[in-house]
Amino acid sequence: MHGISFDIAHMLAGFLVLLSFLMLYQVRLLPLLHVLAAHAFVLALSVAWQAYIQHAPHLYITAAIALVFKAIIVPVALRRMVFRMGIHREIETVVSIGLTMLAGMALVALSLEVMLPLTAKAEPVVREDIALALSVVLIGLLMMVTRRNAVSQVVGFMSLENGINLAATGAQGMPLVVEISVAFSVLIAFIVIGIFLFRIRERFDTVDIGVLDEFRGGQR
Amino acid sequence: MIEAAAYCVAALLALAALGVGVARYGPGRSTIYAASALVCVALMWIGIASLGADAARMKLPLGLPWIGVNFRLDALAAAFLALVGLGGASASVYAIGYGRHESEPGRVVPFVPAFLAGMTLVVLADDAFAFLFAWELMSLSSWALVMAHHREEGNAHAAYVYLIMAVFSGLTLLLAFGLLAGPQGSSPGGFTFAAFRASPLPPATVAIVFVLAMIGTGSKAGLVPLHVWLPLAHPAAPSHVSALMSGVMTKVAIYGFIRIVFDLLGTPSWWSAVVVLVVGGVTSVMGVLYALMEHDLKRLLAYHTVENIGIIFIGLGLAMAFWANGLAAGAALALTAALFHVFNHSVFKSLLFFGSGAVLTATGERDMEHLGGLIHRMPKTAFAFLVGCVAISALPPLNGFVSEWLTFQAIVLHPDLPQWGLKVAIPADGALLALSAALAAACFVKAFGVSFLGRPRTTQAAQAREVDAFSLASMFTLAAICLLAGVLPGAVIDALAPVTQALVGAHMPTQMDRAWLSIVPIAEARSSYDGLLIFFFIAVSAWATALAVHRFASHRLRRGPAWDCGFPDPSPATQYTAGSFAQPIRRVFGTVVFGSRETVTMPPPGDTAPARIEKHIHDPAWETFYAPVAAAVGGTADWMNVLQFLTIRRYLAFVFVALIMLLLVLALWQ
Amino acid sequence: MIRDLLLPDMLIEGVQMASVLLLAPLLTGLVRKVKARLQRRQGPPLMQPYRDLRRLLGKEVVLADNASWLFRVAPYMIFAVTWVAASLIPTFATGLLFSWSGDLIAITALLGSARFMQALAGMDIGTSFGGIGSSREVMIASLAEPAMLMIVLTVALVAGSTQLSTIAVFLASPEAGLRVSLALALIAFIIVALAENARIPVDNPATHLELTMVHEAMVLEYSGRHLAMIDLASFLKLLLYISLIGCLFFPFGIAQTGSGLQHHLVALALWLVKLTIGGVFLGVFEMSIAKMRVFRVPNFLGAAFMLGLLGVLLLFVSQGM
Amino acid sequence: MNALLSALPPGFDPLLGVLVIPLVFAAILAMLPAYRISAGLNIVASLGSLACAISLLFARPPPHEYLMVDDFNIVFILLNTFIGFTTSTFSASYIAHELEIGRLTAWHLRFYHAMFQLMLFGMNLALVANNIGLMWVAVELATLTTVLMVGIYRTHEALEAAWKYFILGSVGIALALFGTILVYLAARPVIGEGMDAMVWTTLVEHARDFDPSLLNIAFIFLLLGYGTKVGLAPLHAWLPDAHAEGPTPISAVLSGLLLNVALYALLRFKILIAANSSAIAPGPLLIGLGLLSLIFAGFMLYRRRDIKRMFAYSSIEHMGIIVFAFGMAGPLGNLAGLLQMTMHSLTKSAIFFTVGHVAQVKGTQRMADMGGLTTTHPLLGWLLVAGVAAIAGLPPFGVFTSEFLVVTTTFAREPVLAVLLIFGLLLSFGALLLRLTEVAFGEVKGPTGPVHASYLPVIAHLSLVLVAGIWLPPPLVAWFQHVAALLG
């Protein structure tokens, strides 16, 4: 189990990080959704590759879920939402793009630094894989923190989930339990998000959380 | 004996529980109070009977299993047990009558026995857990009592400050006990006082424990600047509770101090004596100066409690100073003086609070500016109150003088001490003690003169009625004790001998077998005092003179209007008020200590409007220590309150930053 | 200390108690006479105070309508307490029969009791002048008493006792010597004595201006026998203080326990001389100084307080730390 | 008791009972339209779970791949089912009133009851899970159901609170999952691939051989992930709002149970990390977060105007103390933490029960509109006073005992930390007392109508806390001490 197969896995994981950076770079919603789709697609590829090299056919299901659900359904749904609400023209970041990118770099550096002292017991594969997955997770979180619009926050959250998926599938022989739970939870998470977005839209005519905050009131 | 005391506590707790049910009914209330009076008498008797006996122990399988609840009745505990019993009994008897006028009996009756039980338990406790449990129970139940008249303005604030300070003291003591217990706390018997005594501590630890004990018990006892709750809480509580809080609870706090510093920590270092002396001296003078600025009768009394606590701490500091230098006789003398004053203050302060309660019942007023002339309407209360005033002013032949005299005798012994710090601190304390005694006399001239003498300033005062027999009985009993302890101080000193013997390993010479019942602290040539003879001489010569004058000179008497230099004014408003009475002293001391100012607004010439004088007083303790803390907490709370109203994104940012920080910590740690 | 009740002891005690009582008005008369002569007046005769007392005792009492029992009891109490205090002082002989029943601190406190009663009595009628008097009296006392106790402390530390007899014996003995502390204490004591006896510059016993009164304002409402008792008490108090000065600072010639009758007689004579000198000094002093404003009195007494404290602290310097 | 157990049908497993009963009843309740019956059934189901939990004390099944019961989690299970039961009885009277005033509809109630049981199921599952994956799933299930319950009133504030809870919770979920995966990765080289590497009992056996660096990172993620659920500052943001805007029984459950469940998960992993000597010491991290929560909550308490939100902050404070105690570790520290947790759960849920009724009487949660409660509603008012006294750590209540242990053991070892600790305690006490004074005493404010309260749960909880303050049964303490030893 060495050589080219792992190189390909790494390449895919690295690509995922790259796409995460691309997400950070995108300031408009629609391209962001495209990148999200690409992100999920690469994840699906990666999972499928893992399924292949680990001879773990159940991972194909995960790959399929990633492909169908995350790469197609969700981006499409979000795209519709964006159009319906007429917010496809703009997306404001809180922190400037340059700074965000810099922060992203720092996060990648941090995750590598944290993973470096892994002892020889753990395979180097794991070390690098997890470092990349950690980067994706952290960048996803950064995305959530630096964007004000709910749609882009959802995007951030999903890229975070993708990172976790990457880690989970990279872990050899991780029992099915986790796989299903990941998919399951993402599903539920998304459904509930949907419910909430719906309700919130119904009441507030927007999904901008900033507007939500106006209802804080002073009575606490 | 100790079992009996435990049963008494159980009985008090049962009375508290019963009180919840019967507080609504007048006879029920009286029964509860009467029963608690009986239990307290039993406690007093137990205390007195076990003064000379060996320490008795008892362990109940309650609390934490590896500690249990340990009780111990040694001489010190017995002395304070007697004190709690005496205070509790007098307050309970007083309350039988006073409680009839209670507007919120349901908020008072159940808590009084609980409060008494709490105080008894503190005295009996022999492990840190039981001690603190009882300590906080005492605070909590008295808090409820302070809160009883919660709708009156200021009471809620008073109760608030009170409980905060009480919990502060509890937590400070918690730290002290934590240090005393060390890491062996989980071993069986880890938190018992016996274990504390057995394990010697390094000097630095002892120093910290001492400071913590000083703060912890001092804030309960009312050391300046930790005294702020006293003048707030005492007026707010019903008067019998004020008496208990002031007369007994502050003494229980002093018990805590003695227990920790004298018993658990062992021989002190001389600098700790200096600390106690300085704090005690400052407290005594500050307390009385505060009192002089007051015209609320109960607040005035509360400030005098602060003063007397200071005097007691001076005595304790002296005892520590002598003990630290191995002068057991001096230590015994000073400790006896302190304990004697504890007893005295308990008695006369209860008496005075009862008196102020009687005035409150009769007139509905605590403000002295609205009183006056009560000696005519309430002669018995006035007499009892006068006895209390003379006693607290440390005037012979009553008891207050004896304990301050003993303290002075200890001060005179101080050249035997080698340390320069003590040589300077003790005479200075002597000066402060003298100053506070003189000021106290001035203050009680004011208190008695303005409230009871002169002409009534309001109709309430003019229509006051003498209070009921129970209240009077309680007051007169205490007044009698004031006199008895004043003329027979030897009995009290001898009773305290086992306590000092147990704590500092020496006791004052036996006094009661001396001829003429005089007291001699060290040696005849040095000093002696005979309250009985002095009292006898004064009484006989006054009586004989009066008799002789009436018999041989003249006994004719004519009533007429007051002369007043020919300008008698019918309005009682022209009398001296409490504010005007204290004005000279306010000018002498107040401008420095309280930054007091007076502004006089005169009407323009020709205008008949009255001129107005306004006085402004700052409370240095509050403004130096408490206001900044309150402002800091409030400011920080305001500043942090923004965190309640952030956007979800910002909250996520917190999570994110926390994650990054922890990862950075990890990276650095590796 | 407590011997068998011996006749000589009882006799000495009796002489002491009677003599202080009998001599007190004379001393005041002397002071008044000295002052009058210095003012180039004839002045009242030396015996005038006795006549005044007799006259007052014979008169009926006019009591204000709202006077309470306290007002009537106070004069006797004040007198009795002062007399007891005076009889505890070894004026001419130490080891009086009952001198051990109260030491210097107790004497100070007894005088405090007298003042307490007097200040209360001043407030009883509810007039403004009574209030003024009481208020100022306690203000003065609140400084004078601590100063007095500092003096007591100084003396007690020197003599190793607070018992007057012991102190007098010690200070009369050659080992006492001359000390700076004692000199400071003496100055402080004189200041305190002036204040306590309502003398110029603190108070003016002869004033008729109500607003400047302290002691007199308190007793304004008294008349007849009550006033007589109060006057007698203040005479006694003056004697007491002068005797104290004699006993503490000039104890030479004082008769010791067990010494013979003629020694006692000599001591008695010496005491009379001391009293006379004290009275003359007082008269001269009062004539040579003006009364202070009330609010300068605290500084005056504060000085006494500080001198007393300084005396105590200097003791350690002289004894070595 | 054994006789009773033998009377049960053979093959009945109380461990399964704890799980199956809530699950089955959740399904039944979801279908039942009649709210009175369903409220009753809710109680019955909770009682059933409680009975099963109690029987677990006597007959404990051996651990297997998915489920297990040991000395440690049985404490939590008992507490959980007990408070679940009392809350369900409180809920019956509370919900009736909500229905009366039209705040909830019958449909809502169906949903509510079903969710209630589902939530209990989730929490019980999290507690008995022997598999870190399963535990994670269960915690998430419990979270999601509570999210739905918090939003049930559908007011702006409720939705906002639910949304906040949901977003922050989801992030927490994700972080915890990442941590769980890392634990698996650390375990795999030692234990081998597959399910075994996620089974708790196996993991803890081999923990000392795991790669410490992986464990470190895993612990940080788990700490933040589950710490979000515990409500530690600065991860707490969801907690006050979720408590304040949801129905009061849910607030009680959140404070009394859900926080404990998350804490339980955290402690499990703490044991794991502690077993590996070269991994980072979890103590300082816990102590730091605990103190931060305590002091932070102390300051936040001062400016609260909503009574439920205030007690939510008090929960943050207490979670801070508990985590601090576990961070101090040692026999006394852990014992104190366990005691504090138990006492806090009982007391805080009792407080929420009373607060729920108070809010119903006054028709508001604003404390400024309440006042003089002890005058108008003596029993309710004094129960609130007792509850606050208990939560503030005053005797004769049990929190005093645990705080006694925490402070003394800390001061003996780390004096500076103890000073910070008592600073925090005093700070939060000051704030709580200030508001209590305002609400329970003083002039009467707001409506004074009669209250149809179910006092029984409140009294039951407070009596337990009271008894614990006076007397802790030696077997209980021995058991807690044993658990404390397990915690290291």
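Lettered A, B, C and D in written order, each chain numbered from 1.
Convention: a residue touches a chain if its C-beta (ideal position, glycine included) is under 8 Å from a C-beta of that chain, and two chains touch if they have at least 3 such contacts.
These numbers were taken from a predicted model, which means no experiment stands behind them.
Traced through touching neighbours, the fewest hops from chain A to chain D number 1. Taking each chain's centre as the mean of its C-alpha atoms, the one that lies farthest from the centre of chain D is C.
Summed over C-beta pairs in contact, the chain pair with the top total is B-C.
Once the centre of each chain is set as its mean CA position, chain B and chain D turn out to be 44 Å apart. The centroid of the Cα atoms in chain A and the matching centroid in chain B are 68 Å apart. Inter-chain centre distance (chain C to chain D, centres taken as mean C-alpha positions): 78 Å.
With centres taken as mean Cα positions, chain C sits 35 Å from chain B. Counting partner chains per residue, chain B shows two or more touched chains at residues 644, 646, 648, 652, 655, 659, 663, 666, 670.
Among all residues of chain D, those that touch two or more other chains are 163, 167, 171, 213, 217, 240. Annotation for chain A: residues touching 2 or more other chains are 114, 117, 141, 144, 153, 209, 212-213, 216, 220.
By the document's touch criterion, interfaces exist between A-B, A-D, B-C, B-D. Interface of chain B with chain A (complex): residues 644-649, 652-653, 655-656, 659-660, 663-664, 666-667, 670.
For chain D in complex with chain A, the touching residues are 131, 133-134, 136-137, 140, 144, 147-148, 151, 154, 156-157, 159-160, 162-163, 166-167, 170-171, 173-174, 177-178, 180-182, 184-186, 188-190, 192-195, 197-198, 211-214, 217, 240, 244, 304-306, 309, 366.
Contact residues of chain B toward chain D in the complex are 61-66, 106-107, 128-129, 132-134, 136-137, 139-140, 147, 150-151, 156, 159-160, 163-164, 167-168, 171-172, 174-175, 177-179, 181-183, 185-186, 191, 208, 633-634, 636-638, 640-641, 643-644, 646, 648, 651-652, 654-655, 657-659, 662-663, 666, 669-670.
Contact residues on chain B toward chain C in their complex (touch as defined above): 372-373, 375-376, 379, 386, 390, 393-396, 401, 405, 408-409, 411-412, 415, 420, 423-424, 427-428, 430-431, 433-435, 437-439, 441-442, 444-446, 448-450, 453-455, 514-516, 518, 520, 524-530, 533-534, 537-539, 541-543, 545-546, 549, 553-554, 556-565, 568-569, 572, 574-576, 580-585, 587-588.
Residues 94, 107, 110-111, 113-114, 116-117, 138, 141-142, 144-145, 147-148, 153, 209-210, 212-213, 216, 220 of chain A are the ones that touch chain B when the two sit in their complex.
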